[in-house]
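First chain A sits with chain B, and in the next complex the same chain sits with chain C.
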Partner chain A sequence: MVLVLALGDLHIPHRAPDLPAKFKSMLVPGKIQHILCTGNLCIKEVHDYLKTICPDLHITRGEYDEETRYPETKIITIGQFKLGVCHGHQVIPWGDLDSLAMLQRQLGVDILVTGHTHQFTAYKHEGGVVINPGSATGAYSSITYDVNPSFVLMDIDGLRIVVYVYELIDGEVKVDKIDFKKTATTTQASH
Partner chain B sequence: MVKKQVPEWLNSSLWSSSTSSSSPLLPPPPSDTDDHGGDDDRLPPLSSKPAPSMHSYATSPSYGSSTVVSDSRTKPPIPVSPPAIVREEPPKREVKDVRRDDDNGTSPNLSSGPSPEEISRQAQLLAELSRKVINIGELRKLAAQGIPDGAGIRSTVWKLLLGYLPSDRSLWASEMAKKRSQYRHFKEDLLMNPSEITRRLDKSSGLENDEAKGEGKGLLSRSEISDGEHPLSLRKASIWNQFFQDTEIMEQIDRDVKRTHPDMNFFSGDSPFAKSNQDALRNILIVFAKLNPGIRYVQGMNEILAPLYFMFRNDPDEDNASSAEADTFFCFVEVLSGFRDHFCQQLDNSVVGIRSTITRLSQLLKEHDEELWRHLEITTKVNPQFYAFRWITLLLTQEFNFADSLHIWDALLSDPEGPLETLLRVCCAMLILIRRRLLAGDFTANLKLLQNYPPTNISHLLYVANKLHVHPSGQSL
Partner chain C sequence: MPDFEDEEKWLAEGIAGIQQNAFYMHRALDSNNLREALKYSALMLSELRTSRLSPHKYYELYMRAFDELRKLEMFFKDESKHGCSVVDLYELVQHAGNILPRLYLLCTVGSVYIKSKEAPAKDVLKDLVEMCRGVQHPTRGLFLRSYLAQISRDKLPDIGSEYEGGEDTVMDAVEFVLQNFTEMNKLWVRIQQQGPVRDREKREKERKALRDLVGKNLHVLSQIEGVDLEMYKDTVLPRVLEQVVNCKDELAQYYLMDCIIQVFPDEYHLQTLEPLLAAFPQLQPTVDIKTVLSQLMDRLSNYAASSTDVFPEFLQVEAFAKLSGAIGKVIEAQVDMPIVGAITLYVSLLTFTLRVHPERLDYVDQVLGACVKKLSGKVKLEDSRATKQVVALLSAPLDKYKDAVTALTLSNYPRVMDHLDMETNIAMAMVIIQSILNNNTCISTADKVETLFELIKGLIKDLEGTSNDEIDEEDFKEEQNSVARLIHMLHNDDPEEMLKIINTVRMHILTGGPRRLPFTIPALVFSALKLVRQLQSQDGDVIGEEVPATPKKIFQLLNQTIEALSSVSSPELALRLYLQCAEAANDCDLEPVAYEFFTQAFILYEEEVSDSKAQFTAIHMIIGTLQRMNVFGVENRDTLTHKATGYSAKLLKKPDQCRAVYACSHLFWVDDQDGIKDGERVLLCLKRSLRIANAAQQMANATRGSSGPVTLFVEILNKYLYFFEKGNPQITTAAIQSLVELIKTEMQSDTTTLDPASDAFFTSTLRYIQFQKQKGGAIGEKYEPIKVMFTQKKQS
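Then we have the complex of A and B:
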């Protein structure tokens, strides 16, 4: 039962002052085992804050990050799953699911976590699943102003993942979940 | 025969009160071999190495009270019809295991040797146990004198004394099956983590979505969550929230389990056996903590649990040994029921709390040995809380080595009025036995002595404790 937090695109302080209070009250230390951050934090203080929630923090570089040494992509193995993280501004067209699927195949991961579009999506294709946790602060994106703050919490339990989607809609936190299982044969190279 | 346990190192007896404490593992002089009265007959001659001893277990005809390690020089075995339990396997394991333990000579007084009274007591116990309906009162009396270590009698007797097994033999199988399945249900209900719980709930409400990952493309469908059950939920009733709040207790239990008896291979070390024992201890304590939100887990409960689990796990009957966890749970609850109030902090100052029990001990000492009492409490100001707290709450498991504490527990558990009375008497006897040293000591010396109680002859201790019962105003010995 491993809890993995996926979030990103906070754009603090440029586009948003802080995480929404309701999100902050839920993110207490001690519950989460890993954090995957897609990037665009943008400053070190946010990095430190995330470190207090969970010491195992993985960040990839977004185009506005002030820390230049985050990697472009990262691959982590948690339990039976391989997860990949990438900010997504490198993949053109931005947010195009087929192109992201190509990136996923390149990285060879079961789940790809990307951001940049500031919209939550969870998309499944033959090679795996692409999850976009959206923007945790609701900062405006390069494409749109209409952004709801959202992040994703994954509960990895053996071969099964439950993805809890937290969104702040009209000041209330709404939680949905998505369930899926990995079949044992997924990594067979089907080409 | 069941020559299990008690490897030769345990025989090394330091506690023989007559001879001076010779080096522990040397065989005592041959003169001790013969039937002496008193303590010496507990020292059968030691053979030198463990290997021959195992062998001699197999060959020596002496009866279960097995610590007889050597072979030909022991007294001729008393022909008693052996019990039907003949196990070589578990004894070997236990022997090997216990042998590696602390053998720096803190002597366990395992009633050993084929002394006639031992044998007869064993025979009596077995006779009592093999009756169709066991007379618990009679059993208590027999057990109070000490249960011999052989033939796995102790675990059965303890189960009977604690009320786990009914006195009617024919009901044993059904009772045990019932209790064991009850424990299994407890475990299933209480030891599941929230992921599993949600999975089961989903399965039962038919939301299982079986799409294999490899097929199809498309946005994954989101489903609503029922009543806000998500991992970050801060609601009090949320299973996730409760789970995270329990982790603190789980961590404490885990830490204590790992620290239980680090010198015994049974409990600690890297072997899978030790790990499985630790897991069992952990499960029992977690189930107990969850079922008793009033006292949860308090440090020290693991020490009370350890002897019970040890005995039941080493039961020569395979069936019993494999269900030791379930049996131990219920017996643990029973033992603790008499002492629960000692573990509850709020009750510390109340009539039933630990302070008042310590006061009772103090009163008992005053009644029986006023001089010592006065010296301890008034002259040297050794507050009984400094030493008696551990004695009482942990039922003397920390004051003596493991084998001795098993012996003491025989006496404690066989008291018809409940273990507390006997416990207080034993504590009082402990004080009286070292009165000379206490009377000569000041605060520091006395405290040091009492907090590291010197090894002593357990039978003698129990004998003194018993005498306190009979002569309420008896003078100290």
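Then we have the complex of A and C:
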């Protein structure tokens, strides 16, 4: 069982003062093996905070990030899965699943973690799964109205990946989960 | 100077002397020989006549004697053994040669006398306490009177005691103890004057060792049952205070005031605040009053917290007024008190106030006001300890109320802050912001925001007297980011008030100068955009231009604000913010406003963004935003898309050009119902990007002798497939097929660099085509003509 935290678009301090307190109390150091961050932290303080939750931190560049040297894309292998990370402002039209599928083919990954729209999605297509963990702070977005703070926790176990999405709705944390299974060439979904 | 070894020797000699005489005394006791017993006990007690021992050593000697005297006392008590009546005994012991042994013996008999009840306790006690006057040597006198106190302890005519009644009253017990106390204090104080000035430290050490002997009397007084509040108020406290003030001794005064406070119940203190506090200004100027007063206030605070019944008492005795007045008087009286002393007193008073009267913000403000008055002599505080105390003073209300808003209502709060030096002022401002962030406080009116920003002005702008050399980059960033975070805590659901808040914030942060704007403006912009969105949904209520808060007005504000940013060399950030505003204007159906924002963005792009990587990202932001615009009429849209595609084709590197241009293809195809779907222009873009890709290949060929990877072609192929699926009639299966063949050819050419990534990309693209074909139905039919063959990879 490998736990991977996926989150992004915090936009601290431009659009939000901090992570919601309820999220912070859940993100305890030592429980998570990897962090995939889609970008737009935006400042070093947030980077340092994430590092305390888990030292294996992978970040890609968002267009508002203070650190301009984060990579545009990142590929990591965890267990049987190849995961790709990209903020998503580079893929036009923004949030378009077909265009994201192209990026996924280009990176050659089973799972593509991407952001920018601040809207949680978990979508399966022919080439794999696209996951958008949304905005961990519920930051303002020109693309999505009424953003609820959200993040994703992936449990990778052999050929199976369970995606837990945590959303803060009206002050309460709600959890949902989606199962994906990888076969030889493709990944299948079940809810 | 007698040293340690000498003293050890003398002590040993003294002990030996006691033991020796005690031995003979015991023999006398065993043989009921009164005369011999008296002789040897007197000799034994003579050892206590020494002046060579320090208090600690003397104490050891004294304890030996004390133990022996207990045996003697038992002998005295049993008249059958010695045949002498206690009255006669009392007279007999006064024949001892030297006064000290005489008085020890007298006290010992006195104890028996009182026990016998042959005379009123008060008479014996009075006699003893006055006789002891005969010993005026400080150390010897103190131990003697201490002996008297010890043996009389259980024989005081307290209420309920067997010694009370008839002539004996509690008053007599109190009188006795008070007198003994007074005499002991006088002796104790006298030590200070003995000996040469250079030994002062040594004397103070001695005095400290002896102080509990004096203090014990107060303890005894507190234990006397009969000393109720009234007797304490009328007799005990006035007499004790009289001695404390009159002795004019710093050490004694500090110790005894502290003792009084520790030893008597808090309830008594509350009821005697006036006389107690009145003593303080009369004390020696060097006495550390602030510590004692703080102790008193702490005890009273705890007392208040102990039960709710107690609260009304505090109000009834006007505790706050009295304490506050007393502190004022002390500070006035002690002109040489360093500023840190005065502030510490105010900190204690404030702590008291916050614990006992937290709802009385006027009291809290009063304390701060008194502090301001004290500070107004100086310009800025330079003493670091005093500074620390001021910070404690300012932090206390924040901690107590957990709500910085309450602190904002204290009129004297900013005045106190003004007296801090720049560095501390900033540190304090950070404390305030942290308090707001940690407690999730929402500041909801423009007035409060104004007050808040006045308080934290050290962070907001450069105040006079600051020099830029001293500023630490990391600290500065942290501070400005905190201000940015703070901006999100300023909110009101009412749009009018919210706009006022935004304007207030804007006014303040624009004074921040070029170094601060890049941190603070983005937060303000997004706060304003949130308001715009809120107003969007309230569209129906807007009646023309009379309502102040309209999206249009806010966009105007935003335009001017972001402009400030672009003039301080943050063009990329400003560009992004313009685009955000453009999108928001689009959602509000304000075409000219949206167009203006795009114009501004393009100007920045043209004139300020020069780094090729920055340009690549910037043009993508423009394209991505433009793609989502639905408010533009044909003319405006054409102008903007033309510009976008033009700039895309002019990027520095060919691969960048290629990618930006095919991104532009999306500008001509929007998937909504009314969205533009110009298939021809889409194809034009794709073909143009293909040409650029080709040129890139050839350039690579020419410069490196081998073509670059075929990635660009595969990306373009994917775009063809995208629009093909969307139903762009201009994209034919033939076009797709020939592109597939082109890529295959390129991959197999000798000059092409091997790149597993682009190979895999191509393969998975082909697999996708296959997958679509196999889907069947309409999509399968569409894809049917495209032939996909998974060819061998070329051998190398």
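A few points about this structure:
As a working rule, the second predicted complex is superposed on the first by the 184 of 191 C-alpha atoms of A that agree within 3 Å, B and C clash if a C-alpha of one lies under 4 Å from a C-alpha of the other, contacts with A are read in each partner's own complex, and residues count from 1 in each chain.
By definition in this document, contacts are C-beta pairs under 8 Å (C-beta built on N, C-alpha and C of every residue); 3 or more make two chains touch, one makes a residue touch a chain.
Only a predicted model underlies this, so the values are computations on that prediction, with no experimental measurement involved.
On the shared subunit chain A, the superposed partners chain B and chain C are arranged side by side without overlap. In the superposition on chain A, A:126 makes contact with both chain B and chain C.
Seen from the CA centre of chain A, the centres of chain B and chain C span an angle of about 80°, rounded to a multiple of 10. Look at A:142: by the touch rule set out above, it reaches chain C but stays clear of chain B. Of the two partner chains placed by the overlay, neither chain B nor chain C lies in contact with A:33.
Shared-chain residue A:80: touches no atom of chain B or chain C.
For the pair chain B and chain C, the minimum alpha-carbon spacing after aligning on chain A is 8 Å. Across the two superposed structures, the residue set of chain A contacted by chain B and also by chain C is 126. Contact residues of chain A toward chain B in the complex are 1, 3, 25-28, 30-31, 110, 121-126, 128-129, 153, 155, 157, 160, 162, 164-166, 175-183, 185-186, 190. Listing the residues of chain C that touch chain A in their complex gives 437, 440, 477-478, 481-482, 484-486, 488-489, 519, 522-523, 526, 529-530, 533, 573, 576, 580, 583-584, 587, 617, 620-621, 623-625, 627-628, 663, 666, 670-671, 711, 714-715, 718-719, 722, 725, 757, 760-761, 764-765, 767-768, 771-772.
Residues 193-196, 198-199, 202, 207, 209-225, 228, 230-234, 244, 247 of chain B are the ones that touch chain A when the two sit in their complex. Interface of chain A with chain C (complex): residues 11-18, 21, 43-45, 63-64, 89-90, 92-94, 98-99, 101-102, 105-106, 108, 126-127, 139-140, 142-143, 145.
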